[in-house]
Amino acid sequence: MNSDTLKGILNAVSTGGTSIDDALISLKHLSLEDIGYAHIDHHRSLRKGFPEVIFGENKTIDQIIGIMERMAQWEKVILVTRIDADKAKAVIAAFPNAEYHSDARMICLTEGNIPETGKGNILIISAGTSDIPVAKEAFLTAKAMGNPVEAVYDVGVAGIHRLFRHKEKIEKASVLVVVAGMEGALPSVVAGMVERPVIAVPTSVGYGSSFGGLTALFSMLNSCSSNIAVVNIDNGFGAGYMASTINRL
Amino acid sequence: MNSDTLKGILNAVSTGGTSIDDALISLKHLSLEDIGYAHIDHHRSLRKGFPEVIFGENKTIDQIIGIMERMAQWEKVILVTRIDADKAKAVIAAFPNAEYHSDARMICLTEGNIPETGKGNILIISAGTSDIPVAKEAFLTAKAMGNPVEAVYDVGVAGIHRLFRHKEKIEKASVLVVVAGMEGALPSVVAGMVERPVIAVPTSVGYGSSFGGLTALFSMLNSCSSNIAVVNIDNGFGAGYMASTINRL
Amino acid sequence: MNSDTLKGILNAVSTGGTSIDDALISLKHLSLEDIGYAHIDHHRSLRKGFPEVIFGENKTIDQIIGIMERMAQWEKVILVTRIDADKAKAVIAAFPNAEYHSDARMICLTEGNIPETGKGNILIISAGTSDIPVAKEAFLTAKAMGNPVEAVYDVGVAGIHRLFRHKEKIEKASVLVVVAGMEGALPSVVAGMVERPVIAVPTSVGYGSSFGGLTALFSMLNSCSSNIAVVNIDNGFGAGYMASTINRL
Amino acid sequence: MNSDTLKGILNAVSTGGTSIDDALISLKHLSLEDIGYAHIDHHRSLRKGFPEVIFGENKTIDQIIGIMERMAQWEKVILVTRIDADKAKAVIAAFPNAEYHSDARMICLTEGNIPETGKGNILIISAGTSDIPVAKEAFLTAKAMGNPVEAVYDVGVAGIHRLFRHKEKIEKASVLVVVAGMEGALPSVVAGMVERPVIAVPTSVGYGSSFGGLTALFSMLNSCSSNIAVVNIDNGFGAGYMASTINRL
Amino acid sequence: MNSDTLKGILNAVSTGGTSIDDALISLKHLSLEDIGYAHIDHHRSLRKGFPEVIFGENKTIDQIIGIMERMAQWEKVILVTRIDADKAKAVIAAFPNAEYHSDARMICLTEGNIPETGKGNILIISAGTSDIPVAKEAFLTAKAMGNPVEAVYDVGVAGIHRLFRHKEKIEKASVLVVVAGMEGALPSVVAGMVERPVIAVPTSVGYGSSFGGLTALFSMLNSCSSNIAVVNIDNGFGAGYMASTINRL
Amino acid sequence: MNSDTLKGILNAVSTGGTSIDDALISLKHLSLEDIGYAHIDHHRSLRKGFPEVIFGENKTIDQIIGIMERMAQWEKVILVTRIDADKAKAVIAAFPNAEYHSDARMICLTEGNIPETGKGNILIISAGTSDIPVAKEAFLTAKAMGNPVEAVYDVGVAGIHRLFRHKEKIEKASVLVVVAGMEGALPSVVAGMVERPVIAVPTSVGYGSSFGGLTALFSMLNSCSSNIAVVNIDNGFGAGYMASTINRL
Amino acid sequence: MNSDTLKGILNAVSTGGTSIDDALISLKHLSLEDIGYAHIDHHRSLRKGFPEVIFGENKTIDQIIGIMERMAQWEKVILVTRIDADKAKAVIAAFPNAEYHSDARMICLTEGNIPETGKGNILIISAGTSDIPVAKEAFLTAKAMGNPVEAVYDVGVAGIHRLFRHKEKIEKASVLVVVAGMEGALPSVVAGMVERPVIAVPTSVGYGSSFGGLTALFSMLNSCSSNIAVVNIDNGFGAGYMASTINRL
Amino acid sequence: MNSDTLKGILNAVSTGGTSIDDALISLKHLSLEDIGYAHIDHHRSLRKGFPEVIFGENKTIDQIIGIMERMAQWEKVILVTRIDADKAKAVIAAFPNAEYHSDARMICLTEGNIPETGKGNILIISAGTSDIPVAKEAFLTAKAMGNPVEAVYDVGVAGIHRLFRHKEKIEKASVLVVVAGMEGALPSVVAGMVERPVIAVPTSVGYGSSFGGLTALFSMLNSCSSNIAVVNIDNGFGAGYMASTINRL
């Protein structure tokens, strides 16, 4: 339930379109709804500007569908992250308008067009082909939250001229999300080229002493550039969300 | 050298106030200046909106003064971070207008007033009394970069009503920097209260299994809130810088 | 064999209901019983107030049933923890009165009603939907050990008002078990609200730098609240047991 | 300010011994008092049964004295932990009734006798001579919180008969705090002997692969006994506090 | 090839039972035999008193059989460790006299009886039912190397009286191998009871912060007893081998 | 595209064999080719002396074939590393001249003979039978890059005379690649025997505290020999590549 | 108090040389003596063949002298380990017959000659000059426990011919203690040369990724040789003690 | 003793300039010289092309001087690494021709000019001002081993155009040593620009999660460039040595 929905109810009351009793019923769901295995936070899109997002990994199909059903009554955008193909199939069967993005392992269910509310472009950059799933998760999240988004993939530092070919795009972006595994050097280099904020996302791509992304994570935290902050390993969703939050400022 | 200095030179040339030869000498310093132990990046304030900041910890007094001398010809704000009291004394002797903040271990040298360029308030929140030095480093950095800054100290989660007393300040801030050691839970709680971006700073305060801040760091990276990104342990400077970058958007 | 069983035997002897020889046979099992792959500690419920609990994970079905058979002669409550659905099916076939709780992966076999011996309520709180299995293990253990138990699920710190809705329940509990993964902040916040002891249970829920629960574990050990102590990652059983031990004081 | 102080004020008002205005002034300090570098939580002894404890390590002498001055107006017991001899000397000069315990690095300031409120004995057991400082911190904390406390030192598992000599004391204790460094095995052995709750405290004593107490910590978390929970490395204060909380149940 | 085989060949030569040419062919195999994927060290049983042992885990069935075929010409005892049931079946098909021990995942192929060469009893002690596979590997190794071996299983420190029931056996053993997972406390306790050498074996049994045996490993390395040395996690074979080496002294 | 291909185009232009327009089309591919999921760096064999190598692990079959198709137009040697048997089968079907080496999990596609450009022999040494796959990856890479290569397998330090049998080969090698898991001691010993550069490759072979190769890695980094440098765990490809780079000097 | 002292008392009683009352007084000290900060285990030399050893590092001078005074009444050899020069000076002043070995940081106090009870030679081998202090601690311990001991220093694997010069000494030793820092490879190589037991001691010598000895420790635990077991980092005392225990078998 | 010295002795013998007996005395020192605390390896410069280098950190002044005296009889270049200013002063007093480089903490003692034997230039690149000491250690080592060496300092990736200004020098170097702390990204970027071998040196510069250089180390091991190998943290000496070994090929 966002501000518009809320205003709609109040307007309807003031103009007599809705009885006070009916409005009361609607509004009392603004508080938490306890459905046994979850407390759905309907108030969240009012408070935080975007509804709760469903983390699919440790939930059953029934739990996911149950939460979506409650949310669908009030929200225009519902996202499910970390959901594998099998679960997704069952969810899509229940919500035929929902769309599954297999590379990003996300479901997006939107009602109508999402109005663009972000100020400038969010640019997603990824270092290697293998980092694309995480980059896509960031891309889709930022898109669903109402931002114009662009992406440049496979421009890692081992051939740094590949990056420089996209200099113009990089310099005009409002917020940048830079995704990299292995040595995680790309965000430092990009942040050194721009004055805009960079959200760095380490990925678990690599082997040997990459430690499932820890090397990239610490590399990014130790960046010599200062217009940079870091989210958790493989957390493309978080990066897209944080970038949107910034882009709305 | 920022855009204004640059325009000044060019204007002087166009109006005849400066000869072309003199302007040339000035401008060639825009490129890097190699002073043996450092490549000073005079072009940086043009490219990134703020001049280089001097990391004091592993530099000698002479190196610090040498770099400051070159920078002082072009820049209006010079910051030295991680500089202890002894070194600071020697630097202040050379630059009497500079100010040393012993709690944050920073030197600020500003010429004239810093114009406020940030859009809203940056709010610095710290969990414990012992986190104040890091919080102060973020405070001074954000201030020097032209932002209105406020601070609330000692409001950790063990007595969470202390935090809620400042609810209004928290909700109206444009960007929040939240500093915490030990279990590092404060940024998650704060981020859950607002829709604005939160920069989380883990500190090395604690003992036993706090691991010099790693516990707080990982706690913050694993936050259930999504409008949050993290900088390195004790990196108050980085947090203040990133918050400013965002606040200028 | 608990104190009541023992007194029963002794009474029977004193009233002539049991011959001394028969009593001797019964009593010599009070010492350890060595069944090859295990030393069953029949003396334990006398010494520790609750019989041994069978850790199912690394035992074969035959070993589990064998141990249960010996224990069933003397004990009124038998618990098997960490037992998957396949093994459980075979065990239930052998003990039709036993009940399998698939979410908590536990078998409870009770003879008659368990008398309530705990003093006050034990309250189990969990941060997320995904933490419920561990919370359930704590719940069932505390229940089996004779305590009134209540539970509140999915009240993590990212929406802290969800927690505060249960303030009354929280404040009246005698002992609290707080289960959380990811950043593990919930026990600190809860412990700050009450004067009662809090047992914190980190879970392995999370990804990236959650390190299978280590981040939550260290977060809890570093809590700024002092009425808190911690058990091992995912150790819902241990938390329920410790809470019962305290609740009997 | 504990319940008695509060009732005293209210009684005085009802009997006319205090004017309403004076009572108001007293009571408004019940809320937080912000003294710049700290939010003093006067409400805490009402809410949690014991006033805030001052963690001395990262505070200046002036900060410690400042906080003590405010607290001394309302509280009967003030504890300062982790305070070294030099700082302590200055604090004792300001509060001549305070007592410094150099081995435990604690200051206790008590007004009058502390009434015993705990139910049974708290027993502190330590494995080696070198673990005594941490054990003493637990001892003094439990004492200050109104418990009868006993201690047995230097009874590690390498000569386990030393432990068994104290069997009677161990079995009659209400709550046990067991302190051990190196391999951290003592709490497991003790917990196997009793049905009461055991609070385990790892210490940083040891060398080589003791990792500043981590080995002992993990050893304790992995205990095969279940009536055990763990506090942070060297956290004698926390153990004493938790034991007191339990002993009041 | 051990000393006896060698003397046999030389005797045969000296008595004319073998021609010098035939002896030469036999003896040149004493040096390394290179079979492409392995250098078989036939000289090893002469130099080290026991032939090479085949680590089965990363070898194919063909490699294992190939190495066994070469060894079988000279050796009376062949051991294959870490071999799963499927591979073992294929190997047993090729060597019908070989025996597979599924709990220890070992194959033993012996020709005739193994003469007992060890001086006293080697005693294998294990803490829990789940540690038995590793204990069995130690048992079989020590047996195959010509020692009288005894075993006591499931006598962990959480019920320490179980251990004390075997005091006599423990005190009369010549060398002790003590196997434990979880907190790894058992070797310390046993070593404190005897003056004989104890070989400690950590196992990967446990969950949460047992880190696949690291907690037990470090616990053992930090033992307060000094008649103790440690082998790698789950390395029952190494423990049995080291104990045999000592028992032959 | 290497220098020869480039010269060929230019010669054709100068002699009229190619029109300027056709040459332009060819040459513009020298820059990066963006095929959506990858930026192919055709310029790389000019700049670095060897074309890009395709890391197969996180790529789909279609992505691998797509990249190979573009590269095959310009390059004479194409390598795919970390490709499992299933994917390899599909790739070989598309490129029948390509060869799959299952032990090294590599595909080599070469057009014509590879001219030997290296100066001396590269010698690959591995410690155990289980290290052979990594050693083979190094072998094939060095071969494909135009070097004479030799290999000695299974000569670990537990029977060091096995190594010394190959002393001559070792001393005459131009560059040595030494592959070892477990304790990782072999590179130190080999480097102590020669004056030539040694590339050390840790492998993830081992169990218990081998930590997937970290023990071997750190062992090698701490070598007392100085003519040694290390590549990542299991990175046979990198070692072969680095050795080739050195051997071309 | 060893067996001889005990027999002496009993003989004196049987022959009337000592009254029963005097004997009683002597004998009751056989049990533990509790001197407040320590439980002295006088029974230990009877039970374990060697008296307790005083770990000096965390004890005060007074504690050390106090314990030595009690022990000196019954024991012929007293060792203090990890004692720095300053403390040692004060202890030597109280026990003029005691000897301080500054390189090993040990005090030895012996009454009369120590009879040689070990069977063969114990050989101490160290890899580098910097490992000598730890090697010396092992040397002195083994000596004080009645063994013939030899030592060979500075024979690391980077110049392995240095080691082979001592082949004869190595092959004839009964037990070997091998001390090494950095890559910790020496024990593996030595154990591959002999059939006798090797006690490996990692040292904290090294820098960078030696992690205070952890690299050497894990290297030794992963040795491909099997006649090897490991003690804690820098634990020369433990290695000498374990070697003596073995050598007495 | 290098080949020239050896040939000189033999020539002198053949021409009668030296008696056979004198030559024998000289030559027998070619084997190891045992001076108690060290085995000096005079044969090393023959075998490895450069004499042993003295690691100063854990040696006493007397040990260093003692080793230098023996070496000075045969060697033309003696290096002492990791030697602090105080020790160095005493050593210089004994060897007035020796030179101390305080930034690199090295002593170089050379007799006559060092002939240049390397093939091309070795280029040392460092990321930050704080990395210069390690870079200097590499510089001096490569110089002392007979190579032309150049250096470029302070060209980290946060302002990557600083690096590109030195493109020509970078492309023409024969071997490159790249030194970086913090995120350790520089070697990847440099290696992507050249086809020559790059030796990467992580430094312990940084704070927070730089872990004393581990982040940089792992970053370099995970480089996407393949013409790169890594030495230990802060091991400038090893990098210079390895680069020289390569440059002599």
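Note that the chains take the letters A, B, C, D, E, F, G and H in the order they are written out, and that residue 1 is the start of every chain.
Simple rule for what comes next: contacts are C-beta pairs under 8 Å (C-beta built on N, C-alpha and C of every residue); 3 or more make two chains touch, one makes a residue touch a chain.
Worth saying up front: this structure is predicted, and the values here are computed from it rather than measured.
A.B. asks: Touching both chain D and chain G, which chains are there?
C.D. replies: Chains in contact with chain D as well as chain G: E.
A.B. asks: Please identify which chain has its centre, taken as the mean of its CA atoms, farthest from the centre of chain D.
C.D. replies: F
A.B. asks: If I average the CA coordinates per chain, which chain comes out farthest from chain B?
C.D. replies: It is E.
A.B. asks: What whole-Å value do you get for the distance between chain A and chain B if each is reduced to the mean of its CA atoms?
C.D. replies: Those two chain centres are 28 Å apart.
A.B. asks: Give, as an integer number of Å, the spacing between the C-alpha centres of chain H and chain G.
C.D. replies: Distance between chain centres, rounded to whole Å: 39 Å.
A.B. asks: Averaging over Cα atoms per chain, report the distance between chain D and chain H in Å.
C.D. replies: Averaging C-alpha atoms per chain gives centres 55 Å apart.
A.B. asks: Going by the touch rule set out above, which residues of chain H reach two or more other chains?
C.D. replies: Where chain H meets two or more other chains at a single residue, that happens at 159, 193, 208-209, 214, 217, 221-222, 232-233.
A.B. asks: Looking at the whole structure, which two-chain pairs count as touching?
C.D. replies: A-B, A-C, A-F, A-H, B-C, B-D, B-H, C-D, C-E, D-E, D-G, E-F, E-G, F-G, F-H, G-H
A.B. asks: What residues on chain F touch chain A, complex-wise?
C.D. replies: 31-32, 36-39, 41, 43-44, 55, 57-59, 63, 82, 202, 204, 213-214, 217, 232-235
A.B. asks: Which stretch or stretches of chain F touch chain G in the complex?
C.D. replies: 127-128, 156-160, 182-185, 188-189, 191-193, 206, 208-211, 214-216, 218-225
A.B. asks: Please name which positions on chain A make contact with chain B in the complex.
C.D. replies: 47-50, 53, 119-120, 174-175, 193-197, 199, 217, 221-222, 226-233, 237-239, 241-242, 245-247, 249
A.B. asks: Tell me, which parts of chain C touch chain A in their complex?
C.D. replies: My answer: residues 129-130, 132, 153-155, 159, 161-162, 165, 205, 207-210.
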